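Below you'll find a set of structures to go through.
Both of the next two complexes hold subunit A, though its partner changes from subunit B to subunit C.
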Partner chain A sequence: MSRPLLEVNGLSKHFPVGPGGLFGKSHKQLQAVDGVSFSLMPGELLSLVGESGCGKSTTGRLILRLLQPTAGSVQFDGEDVLTADRHRLKALRREMQVIFQDPYASLNPRMRIGTILEEPLVVHGVSDKEERRRRVLELTAQVGLTESALSRFPHEFSGGQRQRISIARALMLSPRLIVADEPVSSLDVSIQAQVINLVQDLREAYGLAILFIAHDLNMVRHISDRVAVMYLGRIVELADTASLYSSPRHPYTRALLDAVCVPDPTVKRDRQLLTGDLPSPVDLPPGCRFQTRCPEVIDRCRSVDPQLIQVGAGHQVACLLHEG
Partner chain B sequence: MPLLDVRGLVTQFNTPKGPVAAVDRVDFSVDRGEVLGIVGESGCGKSVTSLSVLRLVPDPPGRVTGGTALLDGVDLFNLPEADMRKVRGNRISMIFQEPMTALNPVFTVGNQIGEGLRLHQGLSRQEAHDRAVELLSRVGIPSPHLRVKEYPHQLSGGMRQRVMIAMAIGCEPDLLFADEPTTALDVTIQAQILALLAELKERTGMGMVMISHDLGVIAETADRVAIMYAGRIVEEALTTELFRNPMHPYTRGLLASLPKGNNPGGRLEAIPGTVPALTELEPGCKFRDRCAERFAACDGPEPGLIEAEAGHRVRCHLYDTAEVGA
Partner chain C sequence: MTARVSPARDLWNRLRHSGTALSAMFLLVPLVFCALFADLIANDRPYTMTHQGERYFPAFRGMLVDVGISQWPSGVAGMDFSRVPPEAAVWPPIPYRPSGVDLMDPLAPPSGSHWLGTDNLGRDIMAGMVHGARISLTIGIVAVGLATVIGVILGAVAGYFGGTTDLLINRLFEMMMAIPTFFLIITVSAFVKEPSLFYIMAVIGLTGWVGIARFTRNEFIKTRAVEYVTAAEALGASPARIMFLHILPNAMNPIIVSVVFGIAGAILVESGLSFLGIGVPADVVTWGSILNEARGNTFAWWLAVFPGCAIFMTVLAYNLLGEAMRDALDPKLRGRMKSG
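Coming up: the complex of A and B.
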């Protein structure tokens, strides 16, 4: 087996918050991401799922060093991303690209599509104008746009088309890893399928590894090799897709899957609804972070913080019920 | 007589390219205790439909230019504005998608819930406050006597949506429009809100119009479904029937494009192309440019909404018979 393309270890990001005054130092910490570890093989698609505020997008940004982590390490193909100097970081970023959720905000409205697509090549020193042109045309065709698109501006395109442009831009430098942060969430249902198919095709063509950040559990099931479930900054369960969906171990994963609406009116639901409040990420309770909403909470959950442990082949869970 | 009966609703917006019909000759009705689902993608007119019935379409640029909306036989479009105000929030309520923008940030939630009660039911300030506490507890907000004094920014998204619901049901409306009530929420919270709405409907017997793009939410909540495309209803049937036997190629495409879980990693059946801009609509079927089953008749006049099977109406030339609808 080859070595992982991406290895994330103990990654944390704590934001200082709360009353610190203009010059005072804030002592409260918001633990957006806390001790996240996982690895990604070349060509693999791992999904990070969880509800708003669970730290999934922050994790993606930390890996790309768009945010500076508080602790932990990120290795890309054996090289430490977090300690790389400017020169090395630029080289690494050729290999790691990103697609953002909002295709309206992530394309510069004043630039023509041709310029937008060419920019990564210019930045990374592809000096041959002919070659740049050739590459732009190649990608434009691959994402299903025509050459006439190149002279137009972002506002002339629909959301789905803009997301195609974002994808083409991300692929311009032939990266090995793409962080896709909710790439289809803002698109209409009929367009989501188009973009997901495109992502699948390109993944195959380029052997891309993808970190897919999403909250649509039906879509995640469709495209992922493995899935990591996050809750309040931690990974609470990590498994291959089939195993996670068929035998979820963590009570939170079960609640999450149970809450998904299925487009089939003959399925009768008898849900166990979560009660209780989400604790503030600034003021987490001791013990398990899910204790306030967990239907299976036991006494020890209030004092012992569960660690991610192996419970089956490639299946990890952080829950006291599965320890020992 | 249905609770609400809308016939031939047309709502136009002025654009630099001339007036366009965001809602075009739409008919639907809702009974007491019934949930009608309206499904469609962005810009199909599903939200404008509900705003039109409530006469809340901003004018200019929008205007209801045709149709009737009978609430228990009384046409809302003919009511003087003063009478219409007695309908809104009292007999018909609405829950909006984004509770943060729909709530007023400078008033406490108790104040906002109480406003309708004082206006429509003549409650005193104290009575309205007590009733607001009761409503907050009914929608499942913990410590309602404390929360009632808080401002919207102090509440989470799920709680704000509950406040919106508390506000909407305060006067025990006959009809509730829920416009994407859970789209901005996480799935575990969505499940709670849907359960709450179902329970309220059971208890009060109100009719509900559930507007959503999420076929999962619709399958779970609606008794009957209308599918909208480019301002038109293209298919309507009982929910079980519609999901079992989708007839319009658009409906079939929508259902086929969803990931099923039985084909992991396989290709999704996408609908090609994009929704046409309302300013660029041509006469004839509005879906034909994206339709896999297009044939000669599709270049002719737009198909009528015909009853292809009992209780199942569809707007598509594939089902043309001698009978032609509106």
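Coming up: the complex of A and C.
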């Protein structure tokens, strides 16, 4: 088996919160991401799902070193991303790119599309103007835009078109990894499919590995090789897509799948919907983070913090019910 | 699809329909005209003259000689143009230069030959007013230009990097604000041997950047977190590139507005300094220095009224323009920005 393209180990990000003292030091910590580990093979699509605020976007940004992690390591193709110097980091940025959720905020409103698309090449020293132009036109065509788009400003495009521009920008340097941070969450459903299909096509064409951050389990099922479910800064279950959807192990995953809409009103389902509130990520209870909302909570959950364990081929879960 | 309108075009369209902007323009256009063509409006050298059968253009030639790229032709070198017979020459509307002393005609009230009168050395006030417009505008623009460069760079660095850098630069802002600019300038003037206009511009510029820096910092903090900035970081763009290519163009609006207000402020400071006789060389006539002469000659009302009106109108015009631009660029800023 080949080497993973991306290896994330014990990645944590704790934000200081609350009023600081005289010298701005705060003692309370918000655990946005806490000990996240996973790996991604070349060309693989791993989805990271979870509810708002569970740390999935933060994880994406930590991997790209857009945020500085508190602890843990990120290896890209065997190279440590977090300790890379300025020079190495720039080289690494060629290989890993990002697509953001909000297509209205991710394009500079004062720049023409041509300039936006050309920028990755300029930054990475492609000095030949003709070559840049050729590459820009090539990708514009691949994402289904015409040459006339290049002289326009972002506000002249729809959300779907803007997202395709973002995708073209991310692919400009032929990266090997894309972190897609909820790339379709803010688009109309009809446009979502279009953009997803485009991502799939490009993934095949370029052999891209994608870390797909999302909260729509229906869509994730169709595109992912593997799925990781996050809850309050931790991965609680990580499995092949088929395995996760057919036999979810963690109570949280089951609840998420129960909450998924089925577009058929005649289907009667025996659903178990979550009650209770998320504990504050600043003041976590001892033991399992999911204990406050878990329908199957047992006494041990209040004292023992479950770790990810192997429960089947490529299926990991962090739940005391599955231990031993 | 919406029509393609560049931000500059959009601003122009909105200013065109604003009464405030139009009144500012009504005041500024003649002022800028005077400043640009001062040498052709008020000059003690004729536009053209014949002398010993040769045709000369002393007013134009004089401009070239003054900047050092030409020399007087030998026929008129060292010549006193006031002795040229009237029929042999075509004169500018105001045939005096601001520093042209005429001790035979001091403190003359406004008349046909001296439209706005003369001062105690017989210098023509109208000529001084026209050339003073140039000095005022130059000082306003150069001083604020310098302040803008300093303010934008410091504000950008503080806002973009944040943390300790921000903390240190903010303390610098507070130190600058704690010192009254005007008295700082007066103090610094005491150490300068050779007064000159460039020095005044430098001092006003070096002390007047705090407001611009603070606005820049605020805008940078706001824009730094937007995703297109993060996207540029993810591309590996350098901090300088991100600051000045990505954030600054989107942070321009409040900066432009505070620059316009800053020009009004700088003109006022310069007038105040010349009024006190600080910093401006004695042979340079500015609006403030004319005003200063009115102190010793209280009966000569023309020495106070005309430069006073000019300063008032200019400052008013820039404040109106700043207000109009603020409203056109970002109505939300209303009330957040003070003039002067």
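By definition in this document, the second predicted complex is superposed on the first by the 320 of 324 C-alpha atoms of A that agree within 3 Å, B and C clash if a C-alpha of one lies under 4 Å from a C-alpha of the other, contacts with A are read in each partner's own complex, and residues count from 1 in each chain.
Quick note on the criterion: a contact is a pair of C-beta atoms (placed from the backbone, for glycine too) under 8 Å apart; a residue touches a chain by one contact, two chains touch by 3 or more.
Fair warning: this is a prediction, and the values are worked out from it, not measured in the lab.
Chemist: Clash or fit: how do subunit B and subunit C relate after the overlay on subunit A?
Modeler: With subunit A aligned, subunit B clears subunit C, so fit.
Chemist: Identify the partner contact of A:Val317: answer first if only subunit B is touched, second if only subunit C is, both if each is, neither if none is.
Modeler: In the superposition, A:Val317 touches no partner, neither subunit B nor subunit C.
Chemist: Between subunit C and subunit B, which one touches more residues of subunit A when both complexes sit on the common chain A?
Modeler: B
Chemist: Taking the superposition on A as described, I'd like to know which of subunit B and subunit C A:Ala255 touches: first, second, both or neither.
Modeler: In the superposition, A:Ala255 contacts subunit B only.
Chemist: Which of the two partners, first being subunit B and second being subunit C, lies in contact with A:Ile63: first, second, both, or neither?
Modeler: neither
Chemist: Pick one for A:His222: touches subunit B only (first), subunit C only (second), both, or neither.
Modeler: Once the two structures are laid over each other on A, A:His222 reaches subunit B alone.
Chemist: What is the contact status of A:Phe153 with respect to subunit B (first) and subunit C (second): first, second, both, or neither?
Modeler: second
Chemist: I'd like to know which partner A:Cys288 touches here: subunit B for first, subunit C for second, both or neither.
Modeler: Neither: A:Cys288 stays clear of subunit B and subunit C.
Chemist: Measuring by CA atoms in the overlay, how small does the subunit B-subunit C distance get, in Å?
Modeler: 8
Chemist: Overlap of the subunit B and subunit C footprints on subunit A, residue-wise?
Modeler: Touching subunit B and subunit C on subunit A: no residues.
Chemist: Can you list the subunit A residues touching subunit B in their complex?
Modeler: Per the touch definition, subunit A meets subunit B at residues 51-52, 158, 160-161, 188-194, 196-197, 200, 215, 217-219, 221-223, 241-242, 245, 255-256, 258-267, 269, 271, 273-274, 277-278.
Chemist: Show which residues of subunit B lie in contact with subunit A when the two form their complex.
Modeler: Per the stated touch rule, the residues are 41-42, 142, 156-157, 186-192, 194-195, 213-220, 239-240, 243-244, 253-255, 257-261, 263-272, 274-275.
Chemist: Enumerate the contact residues on subunit A facing subunit C in the complex.
Modeler: 61, 64, 66, 89-90, 93-94, 97-98, 100-102, 105-111, 119-120, 123-124, 152-153, 155-156, 166, 169, 173
Chemist: Provide the residue numbers of subunit C that touch subunit A in the complex, in ascending order.
Modeler: 1-2, 4, 7, 226-228, 230-238, 241, 246, 249-250
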